[in-house]
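First comes the structure, then the notes that go with it.
Order of writing sets the labels: A, B, C and D. Residues in every chain begin at 1.
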Amino acid sequence: MPDDSYLTVTGLSRHFDISEPWLARLVSGRGGRLLTAVDDVSFSIAKGRTYALVGESGSGKSTIARMIVGLERPDSGTIRIDGQTAFDPVSGPTQDSSLRQKLQMVFQSPYSSLNPRWRVGDILMEPIRAFGLISEETAQQRRVQELLDQVGLSAPDADRFPHEFSGGQRQRISIARALASNPHFIVCDEPTSALDVSVQAQVLNLLKQLQRDLQLTYLFISHDMAVVRVMAHRIGVLKDGRLVEENEPGALIESPREPYTRMLMDSTPRFAGGMAG
Amino acid sequence: MTTPLLHVDGLSVEFPQRRQRLQALDGISFTLEAGEVLGFVGESGAGKSLTGAAIMGLLEPPGRITAGSITLEGRRIDGNAAGVRGREIGMIFQDPLTSLNPLRTVGDQLVETIQLHLNLPAEAAGARAAQLLEEVGIDPARRGAFPHEFSGGMRQRIVIALALAPEPKLIIADEPTTALDVSIQAQVLALLRRLCKERGAAVILITHDMGVIAETTDRVAVLYAGRLVEDGLTAAVIAAPRHPYTRGLMASTPNLDAVSVDTVLPQIPGSMPGLSALPDGCRFHPRCDVALPDCSRVAPVFAHGVACHKFAAEQKGEAADAG
Amino acid sequence: MTHSPHTAPPTRLQRVLASDFVFDFTRAPLAILAAAVVAFLFLVAILAPAVAPTNPFDPASLNLMNGFTPPMTDNMFTGERFVMGTDDQGRDLLSAIIYGLRVSLFVGVMSVLLAMGIGVSLGLVAGYVGGWLDNLIMRIADIQLTFPSILIAMLIFGVLRGIIPPDLRDEMAIFVLIAAIGLSEWVPFARTVRATTLVEKEKEYVQAARLIGLRRGQIMWRHILPNVIGPVLVIATITLALAIIAEATLSFLGVGAPPTEPSLGTLIRIGQDYLFSGEWWILTFPAVTLLALALSVNLLGDWLKDTLNPRLR
Amino acid sequence: MLIILARRLAQAMLVLLLVALISFAIFRFVGSPVENILGQDATVTDRNELIARMGLDDPIPVQYARFVWKALNFDFGISYRTAEPVADLIASRLPATLELAFISALMALSAGILLGIFTAIKRGGFIAGFVMTTSLIGVSLPTFLIGVLLIWLFSVELGWLPSFGRGDTVRLGFWETGLLTVSGLKSLILPAITLGLYQMTLIMRLVRSEMLEVLRQDFIKFARARGLPERMVHFRHALRNTLVPVTTVAGLQLGSIVAFAIITETVFQWPGVGLMFINAVYFVDIPVMSAYLLLVGTLFVLINLIVDLLYLAIDPRIRDRNLRGGGG
């Protein structure tokens, strides 16, 4: 593993128990069944870079994202973040809050990722208070305004409720909330798949700009090859829970080794002579 | 000149709300020839699905048509679309999960549609259903199965079979592949296009995806905030978009052929206005980088396949130069 | 909702006044009427000692000679007049109704609060924590739901009566009644809150809260609870009507409010005995009050349901 | 299918045992059975003898098992109040309640479903709106008040129908029916309406809201888009899907008719088990209360079982989900 890797995942696996209830099993004589959602996945992300996991629904990409941030427990494998062990099979997940503070997540849906009953200011304030980052009230307010500014919103927006914003603006609020705990690493789980194309470009550009300004490391989850192409420094292709191919974007797209990768690209609609990025 | 298959003229749709009336469609006009595949493209809220629903006479109340006419082969169908629904115009919706009645077998639902529209005896209708299933790539032996026993892609094939069953002249497909995985999307679109071409049925394909438009349609109509902003042959529009919105929409679509991760994507600032806060003049002007003073005051006239003051002014300039 | 980034956001009051909720209310005459009736009845009940012509519990105010005086007629012995007439013991019916309303509303409101407290907490826990706890709570709810709440209330009432020594039974009756009705009505709250919690818990804002290390209790209390208030409010209103009716029913059956603290149901029970002999007013006035109360609360509940869930209109 | 049946049966048994446990707890721990039988001034030896005879000194699980065993043999003990065997008491009164409940349920279901469909399809129409508003009065009117008002109108003022009792009855084996005599039928009318009206409004409102929910779904829109006429959309597609959820709740409502009969029976002095129960509550006649609970519990579990199986028969999705697992 290269020394500059920020996140290293080794042999990550996750199974879901989809067995029938015991009585039905008893009567039918069938044993339990496991669904393998993630199967022995290993990769690492260099500091300040974007690694994209691309795959279709059911490929296990979201499960990986959730395991890395600690929302779900892996069955096996290790996760190391910034030199610290975040999960290993022996000691389980670390409860270290300084580690948790370093990783954040931006979710897919701009509608359900913000609590509709909370004002934007309170939403942004929550991580600041939860991690005890700033104790003084006016400094907290200042920080909220700074965050809003960073994602292209204005100070009075702090007093509004999420439903007063468009989808793109809500996704900006989501990003601001992720930034609130001064993270080094952000998992972006399909952050633009629910957005309109013209707004998607804004959000993607914002993520890129923040990466440059704050030296952030991204794990970018998507089903869209074209989006991944413009975002990632390295791409991993997932199929049925396995990492089938991994490469630099240019090389991957020009000469995919796996037929699955080629099929994914061939079925991505594009327009002839298309406008290059 | 022969009568076109479908002619929509000045179609306006309104949704009365608590405090105001929202004008969801404003003066949409277009023509569709038999066998043509026309794409409607636009972002959410642009009114593309509403246009489809209005043609079918399936606007959700309290939405209603306030102006304009819809003619199918020279007959007015606005106001009495029930007569042509299914029989002459078929429709396919976005979500194949919910489009089929979960409590009845797919064969049942097919036979029901066939018998209703084609007046066939039960046996012939059954045979016809089996044949249709075969055509969309589903084993006819599975006609006794319930919708939940099929995968998403299979279900959308069944929906296509249902829409084609009465041999309609026009199919309106409203985001037919948005809910499906990319690999299945391409197959379903290809199937839809092939079956319609074979039967000489025209298609209105509603989508937000420029790539889908480029690969599937003959002609494209671009909608923005309830108005038609550009209309033309797909190849021509993609090669040289005339409306700044079309241009921006295409430019901001990420592309597999991008050069490097470090480039900034071209973007349109802001977002499409909600129906309750539509700007005066050209509805795109607050986001437009080439807006003229007139744009904020006067709605541009739709001419030469585009509704744009800037384009009209350039045309005039060229004409003057030439003259 | 329109949004322009540079105007100052409206204040809380402006927000409330401009909300669709208030807008719809001002355009629903039936809802306004119902709200007015409910508010009036509540006010009368709260101010009972001040607004009732007499205190029906004060033996000094009773004159047996006044018994069975029809409404708005001079009593043939004493010459007194009563707006709504009197009952068998010469009690002023209007006063009895006002005090009865007080008992009915007190029992109704308290039992709804009890049911809501139990139901909302159990629903939140079942929905959010899940697992065997969820299974246990929901099985109990299922079983209880199979039995109509009035039967459950009667059963609880009967059991509590069995436990409480006979000499305390009348004294405790009101509280037994509240416990019986409250315990019989928690299930709809729990089921709705659980269903909403199951939906909310999967939403990404809850996961975002987990990511910053909030504990389960904090997430339930701060994030999920505010989102279940809408449906809980609707159920609370409907349950209030149910509780008022349940109380009246129990009292009518003679297993509710004690004779020392007659509720509307008790008054109707008394009135029924005199229906055959032509003293119609003893039954009619309490019955009309009860109906007006239950109907208004139901109308409000119905309107709330439609407004908070506009798809159902 | 067999598996589901087995699971449902097992669940039903479990619930029944639980109901029996509550019933037993009431029987055993509410008040003192010994005092209730002997009175407060019995001697210690008398008491001890009774305790031993009733087995009250055995371990609680043994007592519970004995209670269940006795209940299976229709032995519910002796009423404290009338000193009759509770089983005889119930047997003599059950036909009256069941006849009343059956007629009311029939009325409530048929009228409720019809009106529900009508108000859903004609939503926004004048008559449907009127029916809906009126139904709210139905929900707000306590059952006992409906009864009292009916008595007032039809018995006191008009004198057309009897105000109390069951009228003449005919004995058919062990079953005493009032359905075969004119006076029996006349006596049934008012109580049946009283009992059925509230249930009818509930079922009507339920059917309406379920049907509206179904009518909003995509497959209905797609059915219209396929050109199916409204009549077919409503009756072939919407109605069946509506009846799936309605079945469950309607089943529960039917069950509750038996319990609501308590109120009606009190108002009309109808000699059924409800009237028996209310007297038991009033006089703290524990054995009767506990037996009634057991009886009603069994009835509800039975109805639930039938509803569940009906559900499985109607909805193929449930059938498969249960077979494939994940249910519970």
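By our rule, a residue touches a chain if its C-beta (ideal position, glycine included) is under 8 Å from a C-beta of that chain, and two chains touch if they have at least 3 such contacts.
In this text the structure is predicted, and so the values were computed from the model without any measurement.
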{"item": "C-D compared against B-C, more contacting pairs", "value": "C-D"}
{"item": "Centre-most chain, if every chain is reduced to its averaged C-alpha atoms", "value": "C"}
{"item": "Intercentroid distance (Cα basis), chain D paired with chain C, Å", "value": "24"}
{"item": "Chain centre separation (chain A, chain D; CA means) in Å", "value": "53"}
{"item": "Length of the line joining the C-alpha centres of chain A and chain B, rounded to whole Å", "value": "33"}
{"item": "Where chain A touches two or more other chains at once, by residue number", "value": "166, 169"}
{"item": "Contacts with 2+ other chains: residues of chain D", "value": "328"}
{"item": "Overlap residues in chain B, where contacts from two or more other chains coincide", "value": "274"}
{"item": "Complex interface listing, chain A residues touching chain C", "value": "69-71, 97, 100, 103-105, 107-109, 112-118, 126-127, 130-131, 153-154, 156-157, 159-160, 163-166, 169, 174, 177, 181"}
{"item": "Residues of chain B that touch chain D when the two form their complex", "value": "56, 58, 82, 84-87, 90-91, 93, 95, 98-104, 112-113, 116-117, 146, 148-149, 159, 162-163, 165-166"}
{"item": "Of all residues in chain D, those that touch chain C in their complex", "value": "15, 18-19, 26, 30-31, 133, 136-137, 139-145, 148-149, 151-152, 156, 209, 212-213, 216, 252, 255-256, 259-260, 262-263, 266, 277-278, 280-282, 284, 286, 289, 293, 296-297, 300-301, 304, 328"}
{"item": "Touching residues (chain side chain B, partner chain A) in the complex", "value": "43-44, 181-183, 185-186, 208-215, 235, 238-239, 248-259, 261, 263-269, 271-272, 274"}
{"item": "Interfacial residue positions of chain A with respect to chain B in the complex", "value": "50, 56-57, 166-169, 196-202, 204-205, 208, 223-227, 229-233, 249, 253, 263-277"}
